[in-house]
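Take this structure, written in structure tokens, and hold onto it; I'll ask about it next.
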Amino acid sequence: MHSCPHTIGCAVGGAHNSMNIFNALWFAIAEFKIGLYVRRAMTNAAATLLNPAILFFVLGAIAAFVRSDLAIPEAVTKGLSLYLMASIGLKGGVAVATAGLTGEMFAAGAAGLALSLLLPVPAFVALRRAGLGMTDAAATAAHYGSVSVVTFVTGSEVLTGQGLAPAGYMVAVLALMETPAIISGLLLARRATSHGIATTAHTPTHEMLREVFANGSVMLLVGSFAIGAIIGKDKFTSIAPVFDTGFKGILCLFLLDMGLVAARRLQGARLLTPALVGLAIALPLVNGSIGVLVGHAIGLDTGSVAALGILAGSASYIAVPAAMRLALPQADPGIYLPMSLGISFPFNIIFGIAIYTALAERFAA
Amino acid sequence: MHSCPHTIGCAVGGAHNSMNIFNALWFAIAEFKIGLYVRRAMTNAAATLLNPAILFFVLGAIAAFVRSDLAIPEAVTKGLSLYLMASIGLKGGVAVATAGLTGEMFAAGAAGLALSLLLPVPAFVALRRAGLGMTDAAATAAHYGSVSVVTFVTGSEVLTGQGLAPAGYMVAVLALMETPAIISGLLLARRATSHGIATTAHTPTHEMLREVFANGSVMLLVGSFAIGAIIGKDKFTSIAPVFDTGFKGILCLFLLDMGLVAARRLQGARLLTPALVGLAIALPLVNGSIGVLVGHAIGLDTGSVAALGILAGSASYIAVPAAMRLALPQADPGIYLPMSLGISFPFNIIFGIAIYTALAERFAA
Amino acid sequence: MHSCPHTIGCAVGGAHNSMNIFNALWFAIAEFKIGLYVRRAMTNAAATLLNPAILFFVLGAIAAFVRSDLAIPEAVTKGLSLYLMASIGLKGGVAVATAGLTGEMFAAGAAGLALSLLLPVPAFVALRRAGLGMTDAAATAAHYGSVSVVTFVTGSEVLTGQGLAPAGYMVAVLALMETPAIISGLLLARRATSHGIATTAHTPTHEMLREVFANGSVMLLVGSFAIGAIIGKDKFTSIAPVFDTGFKGILCLFLLDMGLVAARRLQGARLLTPALVGLAIALPLVNGSIGVLVGHAIGLDTGSVAALGILAGSASYIAVPAAMRLALPQADPGIYLPMSLGISFPFNIIFGIAIYTALAERFAA
Amino acid sequence: MSTARRIEILVDRPLLRRVTAAADTAGVTNYALLPTLGGRDGADAWSQDQLTGATDRILFTTVLAADKADALVAALTPLLDSHDLLLTISTVEVVRGGRF
Amino acid sequence: MSTARRIEILVDRPLLRRVTAAADTAGVTNYALLPTLGGRDGADAWSQDQLTGATDRILFTTVLAADKADALVAALTPLLDSHDLLLTISTVEVVRGGRF
Amino acid sequence: MSTARRIEILVDRPLLRRVTAAADTAGVTNYALLPTLGGRDGADAWSQDQLTGATDRILFTTVLAADKADALVAALTPLLDSHDLLLTISTVEVVRGGRF
């Protein structure tokens, strides 16, 4: 049973063929050792790895690496992801309806907004240092400012299993953090343009604004959150068998698919340098730690602090890639997708969640 | 929370841009005031609007109106609709197996058949008066004679929630009402043809008969009903977690999609005149009232009376549109789809169900 | 209610139009009478036919035979089949985690492997006698050595309902039996080639090996089995609502689709001779009996004996057809698919499961 | 290499059976059906529509010899007229054209 | 019969709205969108991708008169340049070409 | 504008890997795969078939320069023969054909 982390390690290792894997590992280990929370993170990681959903993720990754023909239809994947968003939206809304509006909630929202807007800036600088051009750096930085819904969902499951359920309003924070990073990314790219280095496509501004505000996943998260808040705990019971009881099982099937998707994305990657691989691990660690610090500073409960760390540490693969394809077509998806989806996403699922949680617990202690 | 009706009102209003919305509203309000059951209908409507499934419908409509890219894959939509049909079929059959065959059941079946065959006739006359050509009027009239499975399903949920669960055999009535209206519509169009005004396509009769009798949704409804009747209550328990416990949650996801579909159908509408918009509200109200009267006259229980009203008031968007596309290609889907799916369907979901129920309760009192 | 077997009989009969249906029936009846277990098989078959999942299978077949337009999207079908595999894999693994490793388990695995490798040989001889060419006979024989996941799943449900739940490790046996028959089929075809009669396509060996070992369904079955074994009974409870409670209902929807698929496959069949139709029934009966004998000989419990009979008697329609299309393109899918999917599969679902179970019980007595 | 005709028709799903029946009549036994996501047709937007089936369209496509192509066009003409469908023909080179 | 142009563009899903907007500008009111399963584009593999939407591509296809074809190409040129898209034109015969 | 070749092959899903491998061999790095819903091929009806995967077919399509087209045809010939596939070639005009 303890061979599982090893298995995924080998599998992932098998992928960045010609890349310097030691470099990547070095980054990971170096970061891993920082702080006193290593042991707790290890325990958390072991517990995480015995979570059936995570094991399905690992199974999907293995299947992709042995080039199995296992495949889940895109329509089913999309359907499952919509279900997950509706479900966490509803549950968050019901929780807020029960707890009422609190000052914490607005503080967390403001913090999330600020993180999404600002985190791309240091990421941009680091990515430039790692050798990316202006446009690629800006597009990739936007991914790291935004968030991954599935990382949050998986993190919530893990936290709840440890008695650290994050507050219901964290779903609203998730929705708030989805898109501001897109604006930051575009501003960074435009600043670059004005220096004559890159050109952004002439995407009409109203197109971009719709992309940002009427984004499907934001609408579904916010809408379900509102519905949950309207109907409250009592009326939720009638739909709870689907949206609550079934949640963990469905998450297993979805993470099986995400394992396939993430590993295949990594296999196709030809443009990743060791430095970029390192950053795809370092950025989550740094951003996640910042998220935990901020959450602690504004006085959230331990579960919510960990959740804010998970959000800050996660990288978007839904709202941002499509927006970048539209507005920054010169940015190469062969860079930002393997980094966010192929490396940072699995890193967060397998290690990151445990690390940010351990850090949050340490601050709480 | 009371802003919800307003929200959808604005959203729907936002759609028929250049159409005279006041005209439409006038129709609605005038009809709404008829009778003494207004207050009860209002209370019912408020209760309906706090139903999570209806709220998801509203969310879908809002997303479509702000031109969000929220989209549910067609394959998932279709899968969910098959699930809903199998589920109500099974539950109806199980109920009949428990209650046994009754005279009411046959009376309700005969009434449903007659309504489906005859309701297209006055609808045809009204649609002609509203300025439609022979073929368009016949095709549209057929939609209003037939029924909407989702309106029935939603209505059953709402009725059950109010302790007015319709009888199990109403599912069979639903299946019976799906297709006779197609025959009426074609006869109306052929009568027109013999006057030299329109030409129906030379669709082989056996093609049309299969369309009518081997229609997929009819087969699934009747087949599941038969299976439910065969297995009975005891054997149903083993599959109840999927077909019963999960029903309300799945309905939420399906109505989210129907909100998107209905609102997008309305957005694309360019051919609707104010008179047609008015009829898309008036026909459900008139047909629904007729359904309630007939159900009361043949002595059904209150829940079943309301259900027959809902069936008569609903307009098809499954069996009929495809049949019309085949047999009356000159009829413009740009008229009958926005009317049935874009206006009558949401009207029935949000107001109609509550109105027919209030009417049925008034008769019962 | 007793008209159901009749109904499907007529429906299936309606399909092989010009084929000699009496011939086929003769085979079935002759085999059916052999042994003393007829009465028990009849009782079992009646019980089977009142199973809602089987009734949905019959409904699907009827819909296909009346040429209804009822259709389930391919993506949904695929999604449901992945769910079923993950679910039986998990449940098998959990059962093994509870029961521990036993000698029986390895005996059953070895028996399954041997059956999958060897059963194609007599099948090949019989198919040659029935007039098939070398390549077609080899490809078809491979199908009968391999197994049908859905037949196993349905059989497990039926057995469990009769208090004869097969051992958890039978899922691993199922996975083991999926692909060895492919190798036997190719060897049989190659032997034919060396006699100058058929030519196999120059499929690279590593392609074939991946087809065999990294086959998607094998990976998912084995992977879920491993996950079930790792997490054990306690952690399974959190995902049991999806993977256990929901199983029977989902199986109904899937078998509805399989009824459509099987019947449509039979309708399209133009190459089946009466002898091939007879073999499509005789091969399951003979192989299933061999499976029961072997299971009894190695000392498995009654449920597992029946399950091994079901596995041996079933014919693949997942792993093998795709492999044959790749490696033996001269083999005609118009022969092996109607035989395995159109005849043997429904025969096993409706009669075979009951027969192998009765035989297993007789041996146990 | 040899040349052949490629014929394409964008057909409403409810009419598909009639198009394939016309292919049968014309002795055309090779064709492929491609799905569509949607599009526009004059004033109407249409879309993949598995729910109502009414506005779903399918691209019927076939590669065939010139004489068969003429037979197919002849068999389809009534349907093209009554249901207002568009049929396009182009010439393609075919590798392994022995079958034509 | 008459001849017409057939234009095809393989377009990233996020750009689809801009292509159909260009069609509107050019007065092109008939087109069909076909789904893709994936493919390769130089070094990058792309695939049907309903999840992120970023690497999904759609085949925009239209059959139209020669002058409309020129107008469409003109309306699309900025997008072809900025987003590096490929546009192909071929000539097809059209049955029931009265509309062209 | 310039001209290019458009090649299409309707390929059984189990063979797809071998077709894309042939494209690799021929140095063809741009192609798109389109799904099909089904069709007929002589006596056999085939259909979208995600379940067994055996009768599913995919339309491999590419737009490329004439010399690359010849290389691709050469690389595919063994497969066309052993698995009885049909390959069509047509000539198209390309806008932004700088890359050819």
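By letter and in written order, the chains are A, B, C, D, E and F; residue numbering begins at 1 in each of them.
Quick note on the criterion: contacts are C-beta pairs under 8 Å (C-beta built on N, C-alpha and C of every residue); 3 or more make two chains touch, one makes a residue touch a chain.
As the structure is a computational prediction, the values presented were derived from the model and not from experiment.
With centres computed as the average of Cα coordinates, no chain lies farther from chain E than C. Different-residue interface: chain D and chain F share under half of the residue numbers found at their contact. One simple way to say how far apart two chains are is to compare their mean CA positions; for chain C and chain E this gives 46 Å.
A separation of 34 Å divides the Cα centre of chain B from that of chain D.
Centre-to-centre separation between chain A and chain C, using Cα means, comes to 42 Å. Touching two or more other chains at once are residues 34-35, 43, 50, 53, 90 of chain D. Of all residues in chain B, those that touch two or more other chains are 69, 73-76, 78-79, 211, 241, 246.
Those residues of chain D lying in contact with chain F across their complex are 1, 4, 6, 20, 23, 29-35, 58, 63, 90-96, 99.
The touching residues of chain D, when paired with chain E in their complex, are 10, 34-43, 57, 59, 73, 77, 80-81, 85-90.
By the touch rule above, chain E contacts chain A in their complex via residues 12-15, 17-18, 43-46, 48-55, 78, 82-84.
Against chain E, the residues of chain A that register as touching in their complex are 74-75, 77-78, 81, 199, 201-203, 207, 211, 261, 268, 270-271, 317-318, 321-326, 329, 332-334, 337, 341.
Those residues of chain C whose C-beta lies close enough to touch chain B in the complex are 1, 4, 50-53, 55-56, 59, 62-63, 66-76, 79, 241, 245-246, 248-250, 252-253, 256.
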